[in-house]
Amino acid sequence: MARSAPSAAARMRELLPRIVLSPTIALIAIFVYGFIFFTTYLSFSDSRMLPSFGWVGFDNYVKLFQLRTWDIAITNLAIFGTLYIGICCVLGLSLAILLDQKIRAEGFIRTVYLYPMALSFIVTGVAWKWFLDPGIGLESVVQGWGWESFEFNWIKDRDMAIYTIVIAAVWQTSGFVMATFLAGLRGIDSEILHAAEVDGASKFALYRRIVIPQLRPAFLSAFVVLAHMAIKSYDLVVALTNGGPGTATEVPATFMYSYTFTRNQMGVGAASAEIMLLTIAAVIVPYLWSELREPKR
Amino acid sequence: MKYKMMSRLMASAALVCAGASAQAADVEVLHWWTAGGEAAALNVLKEDLSTKGVGWEDMPVAGGGGEAAQTTLKARVASGNPPTAAQLLGMQVREWAQEGALGDLTQAAEAGGWADVVPGALKDFAMYDGKWVAVPVNIHRPNWLWINAAIFEENGLTPPTTWEEFNTVAQTLKDKGITPLAHGGQPWQDATVFDDVVLGIGGADFYRKAIIEADMDALGSDTMVQVFDQMRTLRGFVDDNFSGRDWNLATAMVLNGEAAMQLMGDWAKGEIIRADMVPGEDILCVAAPGTEGSYLFNTDFFAAFDVSDDNRDAQMELASAVMSPSFQEAFNLVKGSIPARTDVSPEKFDACGQKAMKDIVEAEGNGSLLGSLAHGHGQTSAVQRAIFDVVTEHFNSDMSSQDAVEELQIAVESAAM
Amino acid sequence: MTLRPARLFLYLILAVFCVYYLLPLYVMLVNSLKPLSEITSGGMMALPGDWTTAAWTNAWSQAQVGVEATGLKPYFMNSFLMVVPAVAIATLMGALNGYVLTKWSFKGATVLFGLILFGCFIPFQIVLIPMARALGFLGLAGTVPGLIFVHIIYGISFSTLYFRNYYAAFPTELVRAAEIDGAGFFTIFWRIMLPNSGPIAVVCVIWLFTNIWNDFLFGASFADYDSQPMTVALNNLVQSSTGVKEYNVHFAGAIMAALPTLLVYIVAGRFFVRGLMSGSVKG
Amino acid sequence: MGFLDIDNVTKSYGAVKVLNETEISVEKGEFLVLVGPSGCGKSTLLNMIAGLESVTSGELRINGRRINEARPADRNIAMVFQSYALYPNMTVRGNISFGMEMHGIPKPEREKKIAAVAELLQITQLLDRKPGQLSGGQRQRVAMGRALTRDPDVFLFDEPLSNLDAKLRVDMRTEIKKLHAKLGTTIVYVTHDQIEALTLSTRIAVMFGGDVQQLGTPQEIYDNPANMFVAGFMGSPAMNLVPARLRNIGGVMSAEVTLATGTAITLPFPKASHLTQDDGREIILGIRPEALTDPEGASRDSQAIHQVDIPVDVIEPAGSDTFVTVSLGGKDAIGRFRAHTSARSGQPFPFAFDMEKAVAFDPVTEARLA
């Protein structure tokens, strides 16, 4: 049977969605992937103050992994990332469950929990620094109340300073995670909950066995947001400790910034950026995989 | 009003005579003097330029002692849209000049006779390849020791002139329950102290060899071990809360008697004056122990970037205005530093300023006018920060001096590569 | 009401966390209302002995930010001029992308979506130098459109993610019905999709507005002297290295700089959970 | 050539063929129902007619015009969706008027048409409400109203009643039938509900596995299902499919069925008279519940009533009828008795087999033999 050729208008209709999508694709291709490629090249180059294109092979990577600060940065990221994501999830979920108990002032409380997300650490950095400073902050205030032996000097303590970063980071994002979980909780069919209650499930069992397993999508999106924030966290560290005491709270983001822009060792900075990108990819790609496979029913 | 018109006319006439394009463009200045007195002092420059028909486009980016401004500068240069002038420290001037990003001010320099009035050590940074590429705005001296006079008087102490004396004085104070040294644990502050100790213990030649020339033997020498020993000793004279503290909070400790001394540059004077105290009287200023006769300097330059021809005249105007004695005097009176030209009268400066102006002449004479490592006049950014790493790490941990010296050598070697 | 003690305990826990979240804001607010002398004499948590709004007026219109003592006032406008178009365009493009990816999907669209999504995760520091070059190349260096352009690029991944997930749950039959009714690609988008995207638009706008308003790095690097955004000005006010630090003014300025985003959260916050519910949390 | 021609049409997604070569010709004013279980290809076919899915091969014609490439809007069709697909942001009026607006019909004319359609469907008082404020039945009417304004050549219905409760469904079914009678438009209607198919249609296409299993009037489909699938799918309770054996007893054909007791009964089977050569052949005997009754309830007109005593397994009174289950050929078979039957479970009872209504299938090909 002869199939008449589709008209120009029909072809246009066919192409239109792709045309609409193409500016985005072009922008992303250049300004995300192109730049990643550029950085990759820089990481193999002798760039110092500004990009330069002399090829030096893996020198920058070798140098990078010999640097103790990089070691510290990686270790800190592991500690920070684990605690930050873990605590945010647990706290966010707990708060969401508590808030889901038909609380009277829910709107107000939710806003209070959520607002830190609105503030950058350029804004709250000084307040946090003061609050954590034993001389003027929490320690001195509590001691002023009469609890003389109270100590809270983590920010001055090389071994503990990274945990103060966790405290502030959790402060900023746990409300957002709470909102994500709350949305997940509200999305659960209430009939299932009634059914479980009729079955005699205790409140605890109800959440553990029925509710939390259904929050998997919320967990996933919270995890992705948290993971990329953990790896990208820069403002926070700069505002609170600027990497100190010593280099105790250096993280890859501050390391990369400092080598690229302050120390004029752009090649090493680019190498560290590559490692960060690989880490991000290792976290994100499996997520994207699972996310995007599903729609192909 | 009439006068202003006249002067503007004359200025443009002068430009026409000079054969330059009469169109006076604006100058865009990237700097990190963003707040308080220093920013207001810069306004003097702006006003001055506006009388010459040159507009001022202000591009302040503060943070990390110019680190944020450096990032901005790189972005601006990379985008092919550099500012007319940018505030830079000495080493940064040299690094940008090496990248070929800077313009040429020689014409203005010759007209103004700058070569005769600017100290040689500064000229080394302001000139590259025989051309003037930047103009110095001020000379800071980081190697000051600030002393709370009342505390010393009460305890019958005299200002220490060597590190040994310092240790004795400090121990006495510590025994009496007074924090001897106010200090803020930030890398640049640690390095400021380190500078003083290297210079005080090793002397000017050692400082030049170890810091400025990054000589491996000097860096690995016993003298360097002694320097780190002294750093360890100093650690004992600092209160427990020092880490991360801003320098001005440390100064405040000296001002309100919580601590007796601080090793800090002359910008601390601003805090002293604001607390209604008199530098040189209530708060004594002496050279850091063992550095009397030497002068570490820290100069802010306005580097001229390679801009289009239209802007070049305005750029020259800016440079000339910066170098004018009246601006140098007015600005540095506010800033706490001393003028970058030697022919400004010390009359209006306070006791500490006058001492600095006297000391710098002496130091230049005996070859001990040296660039400060902590403030970007000792080493390239890479090496400088590598040394910061070791100094800070050592100061904040229980690393042995021997280990620190080894680390220092490795760090400098790897960063210099 | 038999569970009274448990209920009380519940409220107690929630209240404790309210304190945790409000503390930094409290510190900032209290200290912005004190004279500087009260701050330096200690007592970070104490209420002001001498209430004064001097620091606020100072930060708003008198404080030295750079050469001129303009306060933060002029920078507000700069930020708005940058944020509003960037948010509007990034949201619209995200909506269009989401619409195409879910309702006009074609072979390879999912892969493209995955590639777009990865843009959410790129650390901004690494794009600084190449972006500067690109802007210079495009003639957008140091301009407001240039800054808007940058924010759109790195906002679009998020807006596409939000709208794509939302539209995935949006009944396709509506699109089909509109097609049969004779509506074309764009008519369906304007008349059917967008009017029904309220919840997710709120989420997207909140997210983008906060991120772009709070951005410092791009603002400091790509703005010109006359377009520096609020965050850069605030930073200039707070971070001066060798100047005197007026903490009360800093805090007042900081709260001021945060007011628009705070307001967005307070006003639109209740739609936020609803918006999250309606799509972005679903897998 | 009919009014709507589905000419050798197929649909594939990549290698997967979801609709095999399909040939249906619909006459003007006909009410064609596509019925079948989910995944049978009926919705795909409908969407292809609507232009929402592309045609892989073959040709679609309306009124002789090829429409394969035409935009949905240009096919002069209207469609009512399962979920009604009302635009939630528009009022009822807006929903009804949207399509006309898109076709550039001027406002006064639109208003007039809306009024007329609203009148017809009795939704005038709902015109200014949003879909969210309507009940299921009201939404259904609005969705039909939206379709009606178009004066389409062909009306497409995609399971329009499946979201309604049982009572409303019956009411709306009647309404749709009335509407068809009144307007006389050509309708293609997709459902999985065989009762809807039987009650509404002038013709039915029973679909399964991407094929049209049988195309015919409701009567043909019901009485003479083309194969075991159609037999089992159409009618409720479903046709009893009983394993049996053909017997040629002196030139007269019979079906032999084994009871649970082991005894075989022989049922004279005049319809199989053309199968005299197949003595002993295994067949599946298809017999509808209303052809397996109590003797008093048996059809008076039938020439082939055969009565047998069989032990009753289960009795299920269902108001107007009573369903009686017995074991035939090792399978449960259901008979439809009158309401007040004296049959008792566990006891033998005389069953009347109406063999005029019985059919036979080949157990392997499942096609009808007789």
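Note that the chains are named A, B, C and D in the order they appear, and that numbering of residues resets to 1 at the start of each chain.
We take it that a contact is a pair of C-beta atoms (placed from the backbone, for glycine too) under 8 Å apart; a residue touches a chain by one contact, two chains touch by 3 or more.
What you see is a predicted model; the values in this text were computed from it and never measured.
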item: Per Cα centroids, the chain farthest from subunit B; value: D
item: More contacts between chains, A-C or B-C; value: A-C
item: Where subunit A and subunit D are represented by their mean Cα positions, the distance between them in whole Å; value: 56
item: Where subunit B and subunit C are represented by their mean Cα positions, the distance between them in whole Å; value: 38
item: CA centroid of subunit B to CA centroid of subunit D, Å; value: 92
item: Chain centre separation (subunit A, subunit C; CA means) in Å; value: 16
item: Per-residue overlap in subunit A, given as positions that touch at least 2 other chains; value: 13, 50-51, 257, 261
item: Shared interface positions of subunit D, touching two or more other chains; value: 71
item: Residues of subunit C engaged with two or more neighbouring chains; value: 128-131, 235, 238
item: Residues on subunit D engaged by subunit C in the complex (per definition of touch); value: 47, 50-52, 71-73, 77-79, 81-83, 85, 87-89, 98-99, 102-103, 146
item: Subunit D contact footprint on subunit C (complex, rising order); value: 171, 173-174, 176-183, 187, 191-192, 195-196
item: Touching residues (chain side subunit C, partner subunit A) in the complex; value: 10-11, 13-14, 17-18, 20-25, 27-28, 42, 44-45, 93, 96-97, 100-101, 104-106, 109-131, 134, 152-154, 156-157, 160, 168, 185, 210, 214, 216, 231, 234-235, 238, 247, 250-251, 254-255, 257-258, 261-262, 264-266, 269-270, 272-274, 276-277, 280-283
item: Residues of subunit B that touch subunit C when the two form their complex; value: 28, 31-40, 42-43, 46, 56-66, 68, 71-72, 74-81, 246, 248, 252, 265, 267, 270-271, 274, 335-336
item: Residues of subunit B defined as touching subunit A within the complex; value: 64, 67, 70-71, 74, 77-78, 95-96, 98-99, 185-187, 240-244, 380-382, 384-386, 389, 392-393, 395-397, 414-415, 417
